[in-house]
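By written order: A, B, C and D. Residues from 1 in each chain.
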Amino acid sequence: MSINVRFFASLKERIGSATLEIDAQGITTVRDVWTSASGQEADEEMLVAINKEYAALDRTVADGDEVAFFPPVTGG
Amino acid sequence: MSINVRFFASLKERIGSATLEIDAQGITTVRDVWTSASGQEADEEMLVAINKEYAALDRTVADGDEVAFFPPVTGG
Amino acid sequence: MGIEILEHAFDPWQAVADYRSNHLARSKSGASAVFVGTMRDFNEGDDVQAMVLEHYPGMTEKHLQALVNQSMSAHNLDDALVIHRVGELKPGEDIVLVATFSAHRKAAFDACREIMEALKSTAPFWKKETLASGERWVEKNTAG
Amino acid sequence: MGIEILEHAFDPWQAVADYRSNHLARSKSGASAVFVGTMRDFNEGDDVQAMVLEHYPGMTEKHLQALVNQSMSAHNLDDALVIHRVGELKPGEDIVLVATFSAHRKAAFDACREIMEALKSTAPFWKKETLASGERWVEKNTAG
């Protein structure tokens, strides 16, 4: 019963790891995942994906989901 | 004392020649050049160039000018 | 600036690559926008077998230079390249290349389209198509 | 449709030429619009020596496919190709290619720009620049 958490780019450096596995117990939304995984307040500029699709911070997560956090994109 | 007249594309076929030299005597405007060279009424869709730059039908021409007549362009 | 009127088939992609390596500091122009127009084998519902492109030697080059110059100034481009075929063409052959090079993508995109539209509406070129039933002059370009 | 994420330098003009000859009936798509983004050696007033492009494997490809698909339908394109570099880049190397193929130039131009803007604002890529003074993440893309 766990959530796979991923961080990219500057967030990965800030958190200090690229992937974390957290216990799904007591976790309802993406915001809960962030707080549990980072121990920090959510940054509203931050982007979120659930299972490789964009999602909002208040979206509900399910056991086994891959939840990713990353800064504004800068490709192209 | 002459004007060099050139026709392109469908106008060239309609007139039956690519170049004509006409006497500048009695010629004031591009429209006069057209009437003298073609023996036809000016077609308002027709485009005109004097010395390789676009010009209007009522523009004055000078001795030795190259005056070209052509249909709407269709390149690209 | 490069302006070429060609009487033979050309490879527009090779032309852009060559122009870029010969004329541009590659790490200066971050944005390249390119349009290539290719002869189709149909037009206005008919099969087209071949085409002849006529131009006005001297005026066509001069006119293209003026319109490219104007776009280069208006959009502050680093450089631009226009190549246009004349003479006999077969379906699948490329007719026109417009390439613009700039530090910024907005300028490159805007100028490429502007040059292409100006070329189609004002540059002295005329197309005559060969159909199974005979030849016909293309009467007017469609709006972009 | 072609979507490629590459970890090595590529020639965008060769890529377009190859894609066109392998995937497109040349006398069908009369209009090809292409944008190429190239790494500059300056950004925000600083000299940039190198760059690392990070992406989200799996999500980036999926996201690009979705946005290209959407543009292809919206503009009724014949085909489209997107190539994007990741990993370490040097100034002058090409970062991104967007190519669109259509019967009509308006659709090709519109879709090429739309795909490029959508890519820049939503596709999961992140740039980290190496300056003389150290490394920095690029914080935000500029609007097109």
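By definition in this document, a residue touches a chain if its C-beta (ideal position, glycine included) is under 8 Å from a C-beta of that chain, and two chains touch if they have at least 3 such contacts.
Owing to the predicted nature of the structure, the values given are computational and were not obtained by experimental measurement.
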Fewest hops from subunit B to subunit C - one hop per pair of touching chains: 1
Taking each chain's centre as the mean of its CA atoms, subunit A sits from subunit D at a distance in Å of 26
Where the centres are mean C-alpha positions, what is the separation of subunit A from subunit B, in Å? 72
Gap in Å, rounded to a whole number, between the CA centres of subunit D and subunit C: 23
Euclidean distance of C-alpha centroids - subunit B vs subunit D, Å: 48
Junction residues of subunit C, two or more chains touched: 37, 116
Listing every touching pair of chains gives A-D, B-C, C-D
What residues of subunit C sit close enough to touch subunit B in their complex? 37, 53-56, 58-59, 62-63, 84, 95-96, 116, 119-128, 137-141
Please output the residues of subunit B touching subunit C within their complex, sorted ascending. 6, 8-10, 47, 49, 52-54, 68, 70-76
For the subunit C and subunit D complex, residues of the former touching the latter: 11, 13-14, 16-17, 26-41, 91-92, 103-106, 108-109, 112-113, 116, 142, 144
